[in-house]
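I am attaching a structure below and will ask some questions about it afterwards.
By written order: A, B, C and D. Residues from 1 in each chain.
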Amino acid sequence: MDKRISSAAEAVAEIPDGATVMIGGFGGSGAPIELIHALIDQGAKHLTVVNNNAGNGHVGLAALIEQGRVDKLICSFPRSADPSVFVETYKAGKIELEIVPQGTLAERIRAGGAGIPAFYTPTAFGTEVAEGKHIEVFDGRSYVRERWLKADFALIKGELGDPHGNLTYRMAARNFNPVMATAATTTIAQVSSFVPLGGIDPEHVVTPGIFVQRLVEVPTPAQEEELNRAEAVYP
Amino acid sequence: MTDIKLSNAQIAWRAAQDIEDGAYVNLGIGFPEMVARFQPEGKQAIFHTENGVLDFGKAPEPGDEDWDLINAGKKAITLKPGTAFFDHADSFAMVRGGHLDVAILGAYQVAQNGDLANWSTGKGGIPAVGGAMDLVQSARRVAVLTDHVTKTGAPKLVSHCTLPLTGVGCVTRIYSSLAVIDVCDGHFVLREKLPSCSMEELQALTGAPLHTDGPVADLICPEELA
Amino acid sequence: MTDIKLSNAQIAWRAAQDIEDGAYVNLGIGFPEMVARFQPEGKQAIFHTENGVLDFGKAPEPGDEDWDLINAGKKAITLKPGTAFFDHADSFAMVRGGHLDVAILGAYQVAQNGDLANWSTGKGGIPAVGGAMDLVQSARRVAVLTDHVTKTGAPKLVSHCTLPLTGVGCVTRIYSSLAVIDVCDGHFVLREKLPSCSMEELQALTGAPLHTDGPVADLICPEELA
Amino acid sequence: MDKRISSAAEAVAEIPDGATVMIGGFGGSGAPIELIHALIDQGAKHLTVVNNNAGNGHVGLAALIEQGRVDKLICSFPRSADPSVFVETYKAGKIELEIVPQGTLAERIRAGGAGIPAFYTPTAFGTEVAEGKHIEVFDGRSYVRERWLKADFALIKGELGDPHGNLTYRMAARNFNPVMATAATTTIAQVSSFVPLGGIDPEHVVTPGIFVQRLVEVPTPAQEEELNRAEAVYP
């Protein structure tokens, strides 16, 4: 068994129109830029994307949105240093937005990966974000019921990856990546380095390979923040 | 009406004085981040950021940024001995599970029952909640840093919020540009105020009754932060 | 009535032949653990154990045990290249989240609708469920290894379970000492049987109708495992 | 801030009668034997204990039960090589038993630590373990609602610990320890070695210090399996 794929293009080739795609990262930290750009090249349309944000500048998720490929975005915070792509697309009525509090977003994804169809959270009780949702009182406190969130594909960014898909991450680039890896039917990871089996200490594995279906090596991954400082535009 | 008010740095300084030694603290994006600069001698706070870092260091020198090492405001931070990384689900397990001692946030409005509005001006535009709704419902103490009034002079401390809520009954203390005020049992209770601001002036700038349950101390902050 | 039946090793061998290359597999405590010995050439299964290990190696030599490195049956295991450790919540997130391809367990009774009873003989005593209830409801395939009948000759494959259930409608395939039987739409469907056992004999030892939807193959296992 | 304590006795001193105590470990692997023995010495009674098992032989949890100090046990599998202490106590009607499927036990504890008062699981639907519990159908499948599980104290076993309580674990001794650390008001960890701040790579921290209130160094911890092979009895 070897889950390694030779190119980002091949890794994302089968993502169909209409797919739900989770994309890791928090802002640019941990964003799998090369996988997103491969998805732009690949052409899939009418995507539902799950990400914490809504892209920045004209690369990565912002570029995917700019190309008109995202019908719906599920996120907590659609703001950034340069959110113009999302803002214009949203104001033109060309993208649907579902706002989810950040912890609820993370937990809904975790629930999707962990086989928990619904859970209760105190977050957002009494706010308009909870409108229409089931409310229940436990031990005298009110909670909002939230549903799991799953995806057809997850595009994530790791640091080291072995042939079975065991992964590590780099510093705060971990963020949503491990939890999204658990919640997709097919999880595609880009990693900075392939290592052989045994190349990751069993104690240091963050994402066990069971959650990863394919991985591709991108030795010097682009960093969204640096691309934006250089005013890069993709494609 | 008084023209003297605390600077943001002074408000942040005042809030920092109340953080217990060993407290786990989350600072909201922007102005609240300033609190980290003013930790009192001998008290060590441990800062949490939503994107999965506990116990991080100060901002790096310009040019030394590593953009994989950022805080929730997407600003570069640094490692220090004791830093730990974890994923977003674990990060909000800390938040929602009540493990944070203090969350410090900004506000558009705070009501006397502790309701907080800080995410939407209600004017349309693009909604964005981030992690605030999680933080305010679950941190042990929820402190707000704010100007006492809006730019047009309207009260930000109100009888009830008119803007969309971030959380209900969640705020425990307000550090304003004029006063330190607790939320107790549905009331504003004044703890400290600027000596230059009379009770009458302060009440006039506040949208709900200010109560007292003991002496009101003078709110004194370092001059050099003004 | 035939006296010939498969040994436990032969049943385990037969079950091992169906495990796809690259499958993630959980083996129940005891008899099912034997499946790991019989992985076919060229097919690699990756074993999961509830107590937080994925892709572990064989049992160590006696005397080489490290009792911090055990499986769910509390037997010592070993590391191999690719092993990963994780905690119990993550371990059952894998299980409950449907990430396991196959769970292989023992049984007291299996009903034709796929209901499984394997945790309690219903005679009082001390209840103990372990991880079986989680595994059977969530693995993609749930395979049972079992003698075809009880020690007293009563059917273990039944029209409906009379013992306390482990899970409802969960079993997908049964590897018995006489046959390989699938559970399809509320029926037992016979796939393979020992050549020495006639259809009539097999039906007489089975507590619910055996259906066929095509040819029934001979169930042939290595003699040396008998 | 320094959470290190000089002795196991001091670490467990304030556990009162009637406390709910989570005890880490799966069988003997990861069982904090020295902390349990310190609790035996300390004398607290009428405890509710949460553990995967019910003790083995006459040391650790079995010894705590044998001393008559546990009124109720919440566990998934009260069997072991030598379960005689639990069996006799149970048959004498001297201990209450709540059986929870292992994954549900782990998830209830995780929920307790993560502020989720209730969640839905497919586990145990249609079995007697789910009797009396709220059932709900999501997307055509039936699920059982389960409540969070919290404790006053957690006694856990780690490998390395720094002054802020950041912890690592040793191999499969990890098991219930990290998740129990999150679900107790006061988590007490025994570790094989104290290390200074920075002595654990930030990428390798398994339990961040926020979940740990006290830790004590036990350089060569007893292994329950080995104690039992030597037929040890405590006290």
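In this text, a contact is a pair of C-beta atoms (placed from the backbone, for glycine too) under 8 Å apart; a residue touches a chain by one contact, two chains touch by 3 or more.
What you see is a predicted model, and the numbers here were worked out from it, not measured in a lab.
The fewest steps needed to get from chain B to chain C, moving only between touching chains, is 2.
Seen from the Cα centre of chain B, the chain whose own Cα centre is farthest off is C. Counted by C-beta pairs in contact, the busier of A-C and C-D is C-D.
Per-chain Cα centroids separate chain A from chain C by 36 Å.
Centroid to centroid, with C-alpha atoms defining each point, chain A and chain D lie 34 Å apart.
Between chain A and chain B the centroid-to-centroid distance comes to 30 Å (mean Cα coordinates, whole Å). The residues of chain D that reach two or more other chains are 107, 110, 114-116, 121-122, 169-171, 202-203, listed in rising order.
Chain contacts: chain C has residues 79, 85-86, 92, 95-96, 138 touching two or more partner chains. Every pair of chains that touch is listed here: A-B, A-C, A-D, B-D, C-D. Here chain A touches chain C in the complex through residues 1, 110, 112-116, 162-164, 166, 182-183, 196-198, 200, 202-203, 205, 208-211, going by the rule given at the top. Residue ranges of chain B in contact with chain D, taken from their complex: 21-22, 24, 44, 46, 48, 54-55, 79-86, 90, 92-100, 138.
Interface residues of chain B facing chain A in the complex, by the touch rule stated above, are 49-53, 66-70, 72, 74, 79, 85-89, 91-92, 95-96, 115, 126-134, 137-138, 164-168.
Interface residues of chain A facing chain D in the complex, by the touch rule stated above, are 107, 111, 114-122, 136, 138-139, 141, 143, 147, 168-171, 202-204.
Touching chain C in their complex are the following residues of chain D: 26-30, 52, 76-81, 83, 86-87, 90, 97, 99-104, 106-107, 109-110, 121-129, 169-179, 206, 223-226.
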